[in-house]
Every structure is written in C-alpha cells, then in structure tokens.
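A short worksheet on the structure shown next.
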Amino acid sequence: MPAAADPVRLKDLAAELGCDVEGDGEFLVLGVAGLETASGSELSFARDGLVDRLAATGAGALIVSHGVDVGGRPVIRSSNPQLDFARAMRRLVPGSSLPAGISDGAHVSPDAEVDASAAVAPGAVVGDGCRVGPRTTIHGNATLYAGVEVGADCVIHSGVVLREGTSLGDRVLLQPGVVIGGDGFGYVHAEDGRLEKVPQVGRVVLEDDVEVGANSTVDRATLGETRIRRGAKIDNLVQVAHNCDVGEDVVIIAQSGLGGSTLVGRRAMIMAQAGSAGHLRIGERAFVGARAGLHRDVSDGARVWGTPQLEEHRWHRAVAALARLPGALRRLRAVERKLGLRPSRRRDEGGERE
Amino acid sequence: MPAAADPVRLKDLAAELGCDVEGDGEFLVLGVAGLETASGSELSFARDGLVDRLAATGAGALIVSHGVDVGGRPVIRSSNPQLDFARAMRRLVPGSSLPAGISDGAHVSPDAEVDASAAVAPGAVVGDGCRVGPRTTIHGNATLYAGVEVGADCVIHSGVVLREGTSLGDRVLLQPGVVIGGDGFGYVHAEDGRLEKVPQVGRVVLEDDVEVGANSTVDRATLGETRIRRGAKIDNLVQVAHNCDVGEDVVIIAQSGLGGSTLVGRRAMIMAQAGSAGHLRIGERAFVGARAGLHRDVSDGARVWGTPQLEEHRWHRAVAALARLPGALRRLRAVERKLGLRPSRRRDEGGERE
Amino acid sequence: MPAAADPVRLKDLAAELGCDVEGDGEFLVLGVAGLETASGSELSFARDGLVDRLAATGAGALIVSHGVDVGGRPVIRSSNPQLDFARAMRRLVPGSSLPAGISDGAHVSPDAEVDASAAVAPGAVVGDGCRVGPRTTIHGNATLYAGVEVGADCVIHSGVVLREGTSLGDRVLLQPGVVIGGDGFGYVHAEDGRLEKVPQVGRVVLEDDVEVGANSTVDRATLGETRIRRGAKIDNLVQVAHNCDVGEDVVIIAQSGLGGSTLVGRRAMIMAQAGSAGHLRIGERAFVGARAGLHRDVSDGARVWGTPQLEEHRWHRAVAALARLPGALRRLRAVERKLGLRPSRRRDEGGERE
C-alpha cells in the first residue's frame, strides 16, 4: 500500500539485494504490501511457512525462497525472504528523515553545533553546547537539553526529551515521547524521617544502532552512566532505571522494567511486561518470559518465567499443576478420611483452611 | 465545585435531558459537585445504591430516581441518574475546546488544510498535507506529522504525537502525551546475527468516538493498518502493538498491553495491567481480568484471569487453593509417614524438595 | 565525574553539612564521583557496609563514618555518609534550574503571572490565568493549560503537561513527559448500550516536595480532587487514577498503578509494577511488594505480595510450595495407589485432570 518514493525495476532491486530475479526483470515496483492486500503493481513476500497463501495474492511481484512456485510472476529468489523484503521496504518507502536545515520555528542555541546536513523541525529545542551529527533528523517539539551529543543518521521523533549530557551514537532511533536522562529514583531518609533526594548527576549513553520505543524512559545514573549498548532494541513504555547496563543486541519488549543497576548480557531477550528487581545480572542470551518478575540473577542462556521466577520447565510444570490443585486438595482430603486422619466431613470443613 | 460556564434553570436542564422536574424549576444551577461537597447553588446526584447519603448533602438540587425522597429539594427525576448527571456536567462545565483559529505561535504547514472553525494552539505543529476538521482543537505542543487526517470535533491534547499518515475520525479524544503511529517493533536477524529493522510502513486508523488516555501508545502497522474501531475507550499508559484490530466499544484499562496482531472483538473489556501475547483473538464481550496474561485465544463472552490465563471459576479456585497449599503439603507428608512412604522426619527434610 | 559548578574547600563543605573535617581542610573539591571512578580532585563516599572498597579508590577526599580508616586522605566525618554525600552533591553539581526570565521562544499568555525570578524556556506554553512562583523553572516544550498554579522553586521538565486547574505546591519536581490532570477514565452506558463519557471536571493538587517520574500520569478527579500529599515520591510510568489520595511521604516505584479513588496512607511504600483495584485503602506505612495486585484493603503497617495479594509470610510459603507442587501431585498419586483409591496407572492418566 505505501507508494514507493522512487519506483524501481525488479532486476535493479534484486541486484541491490544480491539476489537473482526470475521472470520479467523489467517489472516496475510501485509499492510494497502484504500478501492479502497487494495489488498488481506491488511487491510482496512469503516466509517459507506461508507459501500456501501465494495462490490467492494479487501481488504483481514477490520475494520468496528458491523453488517456491509463484505461478509465473516475476520473482526475486532469496535465501531469507523476510530479511530481503525488509531491505526492499527500506529501499522503496521513504523513512522519517526530513530535508536538511534548521526550520524557522526551531529553537536552536547559537552555541549548538548542528551539522549542515542535519534537519531540525519546528518547535524542536536544541540547547547550549549540543552537537548534532550529519543527516540526523530532529522532529518537531523534540527537546535536547544542554550538552547533548547526537551522532550521524539518527532520528529523534517528536516529543522526545534528551536531558543534559545525554550521548547518542550513530543511527540511533528514538520513537515519539521517549525520555532519556530523567532523574533516577533515589532518596535517603533525613534526620526527621522525610525523604531527601539524592541528586542524579550521572548521564545516559545510547550506543550505535540503539532503538527505543514510544514513551519509554531511560534514567540517568546517580553517578557515572546508564548505558544501552550497540544494537539493543527497546519497545514502547519500557522503564530502564539508573545505572543499568544493557548489552549489545539485547531485546526488551513493551512495558517491561529494569530496576536500578541491572546488568543485561548481550543478546538477552526480555519479553513483554517483565520486570527485574535492582542489582541483578541477566545473562547473555538469557530469555525472560513475558510477565516474569525477577528477584535473582539469570544465568547465561537460561530461560525463566513467572513471578517469582522459575526455570522454564519447572514453571510450565508448576502452572499446569496449579490448575489441578483444587482437585488435588479434594483428593488429599479423601485420603485423609480413609486413613482416619480426618474423622468427619463436618470437621473437615473447618479444618481445611489450615 | 466547577462553576458552570453558563448557568441554567433546573427546568430547562430537565427539558434538555428529557426528564421531569419536581419542586422549584426556577432553581438556577451554578455548578456541579459530588454529594459530600456540593453547596446550595450546585447540582449533585445519587445512584440508586447511595440514596442514604442524600440526607447529609448540602446540594441545592439533585438528579435521582423516581420515588427517592429528597427532602423537598428541587429535583430532576431520571431513570438513569448517573447518565443524566454526566450529560448535565457536559452541558454545564466547559470542555477543553479552544476558540477557533490558528495561534501565532503554532507551526502550521502552508500545505495543510485546517478548517476555519478549528483551533490550533501555540507550539502545535501541523505538517504538510494534514487535514483538520471543523471544531477540532489541537492543544499546545501537540505534533501532527505529514499527511495526518483529523475529523470534526476532535480534541488533541498537548504533547500528543500523530505520526505520518495517521487517520482520526470524528469526536476522537486524545489525552496528553498519546503517541499514535510510532514504529511497530519488528526486526529480523541479518546474516551476522544482528537485528535489522523491518520498516514499519503501515498506518493507524482511529475511528469515530475513540478515546485514548494519557501517554498511551498505538503503533503503526508493519504493512496495512492498526485500527481502533468506533467508540473504543483506552485508558492511560496502554500499549497497542502493530497490526492490532480493536473492536467497537472495547474498553482497555490502564497499563494493559496488546501484542502484535491481536484482534479484540466488540464490547470486550480488558482490565488494568493485563497483557496478551501476539496473534491472539479476544472474543466479543469477553472479559479479561486485571493483571491477566493471555497466551491463547479468549472465546466470545468468556471471562478469564491469571497468568497464564484460566477461566474465571477455575482461577478463583486455583488462587484459593494456592493459599492453602503449604498446609496441604504438610498434610501430605503426614499421610506419607502414616503409610510408611516417608520413613523418618530426618530424611523428610531432605526429601521434601522433591 | 560531574564538575562542580563552584568548587569548594573541604572545610567549608564540612561546615555547611555540620560535620567535622579531618586532614587537609584546604582540599579543593572539583567534583563528585563513585568510589570506583573518582579521581584525585574529586569527593566520594562509602556507606558503612562498603568501607572495604576504600582501599582501591582514587578519590581525593571522602565522606565516611567516624573511625573508618581512610589512609590519611582528607575526610568529612559523618553519622550518615549517604545523606551528607547527597547534600554535598546538591551543593556542588548544578541542578536543572535555568536563569530567570521568559525566553523569546516561550508562549506565555499576557494574562499569566510569572514571577520575575522564574524561568520559562523556549517552546514552553503558559496559558491564561496561570501563576508561576519564584525561582521556578519551566523547561522547553512543557505546557501549562489555563489556570494552572505553580509554587516556588519547582522544576517542570520538558514535555510535561499540566492540564487546566492543576495546582502545584513548592519544590515540586516533575520529570520529562509527566501528565498531570488528564481526564479520569469514566463512562456510563447510554440507552443504546454505547459508552458515554462522564466529564471529568475535578482537578489535581500536588503538594509541596512532591516528585513525579518521567512519563507518569496523574488523572484529574471526576468531581473534586486527586491529591498527592507533601513529600510523596512517584517513579516513572506510574498511573494514578482519578480521585486518588496519596499520603505524605508515600513512595511508588516504577510502572505501578492505582485504580480510581485509592487512598494511600502516609509513608506507605508501593514497589514496582504493582497495582490496586479501585476504591481500596492502603494503610499507613504499609508495604506492597513488587508486582502485587491488590483487590482488597491493606492494613496499616501490613506487608503484602502477590496477585491476588497475600500477607508476606503466607505469600513466601505459597510460592515456595508452588515450586514443589508438581512433585507433590506425583506423591499424592502414589499415596492413592497404595490406598487403592487409584486402581491402575492406565486410568490414572485420564483421572489426574480432575
């Protein structure tokens, strides 16, 4: 459905992808779409498990694996159709970058260094001492406090707030409403028992290729750094507390939260609505199931679920057993009666509340 | 407590509501308030279950059911006092609309079409090709990317971000900080094992009368649409992932999240802090209890609770049984000792960790 | 690592803190840092439990308890090193206040009263009838609707939205993206079964010393007030629904949610990702464990965990028992077989699903 910004011949697209084309290589790709809705001028794709849906599609051209029957349509053959279709989409559909230049309606400190190829949209604020790299886009009503550094080819969407001293690498993508560098949550009890704020004077570093979803929050460190490492991907409404260190290529799904000083090893996956207490280590390539609540470390490669956490196989058995528990309690009472451990049904009723 | 923008006689208000008035119809309603705090110039109401509180109220006038004793006060008789009081509030208290016109401090693209009766406040951004309908208000520092369409009588509060191509029907109400059309969370593994972004080129459609609470997020589709259908109401800090389809009059309470491609049938209710895995169907008029974690479909009209989900009656029994489980384990050990299946208390300690 | 805005001699800092100094009181403190990263010109500290780390630190000066060996370094002796270090940080590191005055790029209603010592940054909106107190800072792209009152020494960060009529005391600190006064979530069924909005015409009051974390939301009351009392501290992504009353010095950790009309007693603590159904009372000094889901009141001083909630000691026993449940079910089957209550292993398989 999205129209290509710049239509391309199928053979040229295949060449860019490093793939072979079969059939009419001159086919002009005007857009991309899913199998169900694609029209005759559009490119679609099918994963290997879904090739039975190809018969019904109206797509004019396809990206599929070698050997899959496409009924004579022009086709790009790929060893990874999903990956190559993603790349085709990126080639065909315009991204969220804006034309270079600082808009009249932007508020850019004269003291900030904004690369000439970067774009700053109306309503955006760029504070004193900020540095914004080449081809980066800062959308309307985003706010960069003083001393923020943003690398090349970043996209900072509207409503994003980068507090003072935040540092972004290259190709960082922040969805709308993301807050980076808000104060960590730290208080001490004063002499009168009231809570007194511990100033949060550290900062946040997002390395290259980090992406953060809408309205997620990453707090600045109390002292030192909160760091999200290269390639980590964070979904919407996620909370990352002060002094966390999130490893390379980590994935954190929506509405999860990391307590303060959590270490997450590279390539770990944290599914939706999970949470960790503070000062834990989640190992490399560990898997934390949706809605898990962690109260102790997770080993490298381990898979855990539940609140409090159990290893995956134990958790599956525990939840299956829980559903059978009411019946088991009845059976236990029957056993006790048979053994004379529970003399009458009358007293049984009172006794079963242990 | 809130003063009426435009005071009204009780008899006129009753006529607008299609209700009868008893007592002094000339009573001038200067404001609305709860029973506990209402003063002699204010209107209040009581649901049928709370009429015993009428004796103590200082309210000058009331909306109550037929036959309820109001001690001689002027009263509007209603078959649904809660509904008619809501309508009276709407009549009496000013809403969040602003006077028509584009503020000097707004950033409206010359290429956007904003109806002359719409209002755009300072700091708001309206991008290229946007269309804004009659009597719609866009509050300060809201941001509409290019190609956004907004119907009539909408209220877009401050800090809202509508990404490119988002479409809103009529009477859509978006609380502050809502993000519509952020990228869906989609990645594929590249050849080197790193995550590569799947461009999210679909859009979001919010139909008529949809309302979304503060800081909630609705992601754009990968391809095609994420759609929230007529009359659906979404509370604060809710996450709706890419390609979801939320049915008419659905209710989703705060901090819940829907995984990608979730289908929610009309009039379903999802209580607070619940979540669904992706690609599930939640049936029409289904009820998902607070903090439920769904991993499989919910039938039409079904009621489920828990993580992982159980039908309501099974869940109630399971949680009641869980609280009794420690005692049951002790009783099981006693049974085993009696049967000679557990020879001594000493070995018991080691053995009970199965 | 953060440089002091205004370097200070150790003896002068000690005097401000009301502490004694040992060693070179002329030591010039250029910054503050954690023990691991501090350099020779920086001040660090150690809690009593961590004094073994002092040997390795490069810090030039320290705050520690009386009698702790600091190897001859200049030192401030404190009966509460954590508290005094927090105060030293506040003294040394610049906060988030801005220089007084209204920026050219701010949108301040001519009808608003902004104290001459307050700061309003570019892109901030201050609506009709607002009052902003002395030394308060309103950062870029924050939005104050009409009739908002803000006391003295507040910091309103970027992206914050204060809806109409919101009232803030003194020293209130709102992190970026906080929404105060969004509509409460209230609907009634109309005659045709559709949901009709109950106008939310109350307001929100945040008393002195309240702090709210990034992207948290506090809804306005339906009628009357939602109130957060003096000194309460709320973390990121927390939801406080309409008509809640949060007591003095309450702590609410990230991603928790309070249903409508929840009363939270003073000094209660609500840990991360917890939730309460509406119309509950959480007692004074109560403790609600992480991820607890409350469905009934919590007594003063009580400690509860789990969904649904259990008292702490019962919850610990229940979750320990749950992990052992699968083994217990096997043992129960063995008992039943021994007693002839479960005649054969074959029928056992079918029967165990109760």
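Letters A, B and C name the chains as they come in the text, with residue numbers starting at 1 for each one.
The working rule: contacts are C-beta pairs under 8 Å (C-beta built on N, C-alpha and C of every residue); 3 or more make two chains touch, one makes a residue touch a chain.
Everything numeric here is computed off the predicted structure, so don't read it as measured data.
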{"item": "Shared chain contacts [subunit A and subunit B, defined touch]", "value": "C"}
{"item": "Copy pair subunit B, subunit C: interface residue numbering same or different (half cut)", "value": "different"}
{"item": "Distance between chain centroids, defined by C-alpha means - subunit B, subunit C (Å)", "value": "24"}
{"item": "Residues of subunit B whose C-beta touches two or more other chains", "value": "123, 141, 159, 177, 215, 237, 255, 273, 307, 322, 325-326, 328, 332, 335, 339"}
{"item": "For the subunit C and subunit A complex, residues of the former touching the latter", "value": "1-2, 32-34, 36-37, 80, 82-83, 86-87, 89-90, 93, 95-96, 103, 105, 121-123, 139-141, 157-159, 173, 175-177, 209, 211, 213-215, 231, 233, 235-237, 249, 251, 253-255, 272-273, 290-291, 307, 319, 322-323, 325-326, 328-329, 332, 335-336, 339, 341, 352-354"}
{"item": "Residues of subunit C defined as touching subunit B within the complex", "value": "107, 123, 125, 127, 141-143, 145, 159, 161, 163-164, 177, 179, 182-183, 185, 187-191, 193-199, 201-202, 215, 217, 219, 222-224, 237, 239, 241, 255, 257, 259, 273, 275, 277, 293, 295, 307-308, 310, 314, 317-318, 320-322, 324-328, 330-332, 334-335, 338-339"}
